[in-house]
Amino acid sequence: MTLQRIRLIAAREARAERGQPEGLVTAATFVATLILVESLAVGPLAAGRAEIASALFWIAMAFAAILVTGRSFERELEDDALDAVLALPGGRDAIYAGKALALAALIALVAIVGGALSLLLLSLDVALPGHLALVTIAGVLALPPVVVLFVVLALRLRSRGALVPILVLPVLVPQLVAATNGTAAAMSGDMAGAIGWSGLLVAFALVYSVLGLTIVPAALE
Amino acid sequence: MISTTAKTTSALRARPFLGAASLVALFVALWMALIWSPPDAAMGNVVRILYVHVANAWLAYLAFVVVFVASIAYLWTKRPVFDAIAVASAEIGVLFTGLTLVLGSIWARPTWGVWWSWEPRVITTAVMFAMYVGYLLLRNLTDDLERRATRAAILGIVLVVDVPIVHLSVTWMNALHQLPSVLRPDLSPTLDPAMLAALIAMTIAFTFLYAYLMTARVDIERRRQARIIEARA
Amino acid sequence: MGVRRADRAAVAADLMAARAVLLAIDLLAPLDRIGGPWLPARDREHARREREPEKPHHPRVNSTAALRGATVVLGDRAILRGFDLEIRPGVTVVRGPNGSGKSTLLRALAGLVPLTRGTREAPARTLYLGERSQLLRGISARDNLRFLAAFRGVSPDAVGPALAAWGIAAKDAIRPVETLSAGERRRAGLARIDVERCDLVLLDEPFAEIDDAAATHLLRTIRALAGERRSVVVATHGRFELDPGANDVVRLG
């Protein structure tokens, strides 16, 4: 029953984003702009190095995840749509997983746009494209559990626009380290490294998902 | 002093004794650290900063573990006293963490020639500092007493899980980039017994200080809570 | 020897006291069955009913939901203080000036507001319709209601007819809700009453922002729910025609 409810929430989120894609469009635009500007700032030579390009990409993705999630919950608060779900039996329990899944899908779309842009703009060579995809998927899975948790923690607070990045970014350090190193490994042909860092990202995703599933229902009023 | 109907607890009565004990212990520990213990074979007298630095680090970890336990206790029982303990310990923890970073920096300059390093423990401490400053920020931006306590408690639990994860990931990253093991700000386990004694004395002194600061801060928080609860009635 | 006799006497006295208390409880028990609103109900049928499919109400149970000693605090103010309320099948009207806690009372019954003190009993099949439409923007009214029905485990087939009954044309039902007027959004929200057949329906100022035709339909719906022995709690300003048929008119503030 709970799995079905999670699926229902994820589907609802996907439909709402399709009807109102501002969150997605803003995030994709933001990622593109950030990558462009950062590349200009460090200079094309430095930006072309695998580690730096990876870092720029994943930091942009972290901000994009915060943007999309924030917008998703703002939409819930308009017209009190969130209350409808919370008042239903099983609502509090299903909402974290449903949102996290939907956000992972949305962030994956942003990653495709941002990734393609990075590769093109910086003329990056990718030694192991399959492994690059693996790391990217793992990274995309590792971000939402943390971001959704913190957006819920800061729900309805004033200054939540600034508070959420301040709270989330230190906690995302392990994920950013793993994603950056994994991406760099995939680009430079280090197969074992890419797989290792991907595994770590999946482990992070699991740990924070369990934490979120246990704790988020208590945070929602 | 804010006058409320809050009762004088046993913790409060212990406070003058804790204060005295802290002062005495600090004096003794500082004497041991600065005068009594021998200079290090490699570092010379610079090692003396480490006694305070390491003691501070341990107390910071202790403070955040107390935040963790108090957070769980609050979510379990919903009693405001645990929220008071959590915020008090978090503030003191942030203070100690900040001191740890500053003292570590001061130690690093003559030893390594740099003010900062990307060694796992340094990064973890810095990230921990940022995290708990965020914790205090979250508390400040929440008005409602119960809502603030609940959210802060959840954050208190999440952050403790984060700290070892951060440490592990930075360690792995450094292993990857082969950071020279020379740059380890360790006091090796095979310490001179006098140095060990000084370190332990400093830790005990700071533990007394922590307890003293806790009683003071928890008392302030309890009075604030009592005032708000009375205002509602 | 002397000590033992004193012990026996003490024990005998305790036994007599215990017997007296038990006798008192037995004597006072029938008062519960008279069922005044301020005495606690002893049956916890609600917990059992949450796990059962929809059935006619057990004849002995006369309470759908209750708040006992409920205190709700928001910010620095206690909005509800030691509040007792028992909801029975039929209509309960809640009246009071703005800011007196009508919304908080309904939200507390819905389980959306944590109680600082006291307890809440409410059936799983509770529908809370607040001051706003509670529909998610970006999707249509039909999709919103189908989601909510599926989430509750109710057949979504009733959505189409329900929306039509509340005056939402088929072509409007499939447009994103932000393209509808405020009145249409409110009516779409009210259509949930027909879709999610609930034992307890909580309506917070439902007559605001809807036209007379919809208001008439709403009154009819409320009376129909009462006729089916479901519980409806309506927080409202005017609409005094509800009062005569109501179980209870709760006045706050």
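The first chain written gets the first letter, and so on, giving A, B and C; residue counts start at 1 in each chain.
FYI, contacts are C-beta pairs under 8 Å (C-beta built on N, C-alpha and C of every residue); 3 or more make two chains touch, one makes a residue touch a chain.
Nothing here was measured: the structure is a model prediction, and the numbers come from that model.
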item: Contact-richer chain pair [A-C vs B-C]; value: A-C
item: Chain whose Cα mean lies nearest the overall Cα mean; value: A
item: Whole-Å gap separating subunit A and subunit B, where each centre is the average of the chain's CA atoms; value: 32
item: Whole-Å separation of chain centres (CA-atom averages), subunit A against subunit C; value: 39
item: Length of the line joining the C-alpha centres of subunit B and subunit C, rounded to whole Å; value: 48
item: Subunit A, residues touching no fewer than two other chains; value: 221
item: Residues of subunit C engaged with two or more neighbouring chains; value: 114
item: Subunit B, residues touching no fewer than two other chains; value: none
item: Subunit B - residues contacting subunit C, complex; value: 143-146, 228, 231-233
item: Sites on subunit C touched by subunit B in the complex; value: 73-78, 114, 116
item: Complex contacts: residues of subunit B adjacent to subunit A; value: 75, 123, 127, 130-131, 134, 137-138, 141-142, 147, 150-151, 154-155, 157-159, 161-162, 165-166, 168-170, 172-173, 176
item: Residue numbers on subunit A that touch subunit B, as the complex places them; value: 149, 153-154, 157-160, 163, 166-167, 169-171, 173-174, 177-178, 181, 193, 200, 204, 207, 211, 215, 218-219, 221
item: Contact footprint of subunit C on subunit A as seen in their complex; value: 1, 4-5, 8-9, 11-12, 15-20, 75-76, 78-81, 83-91, 94, 221
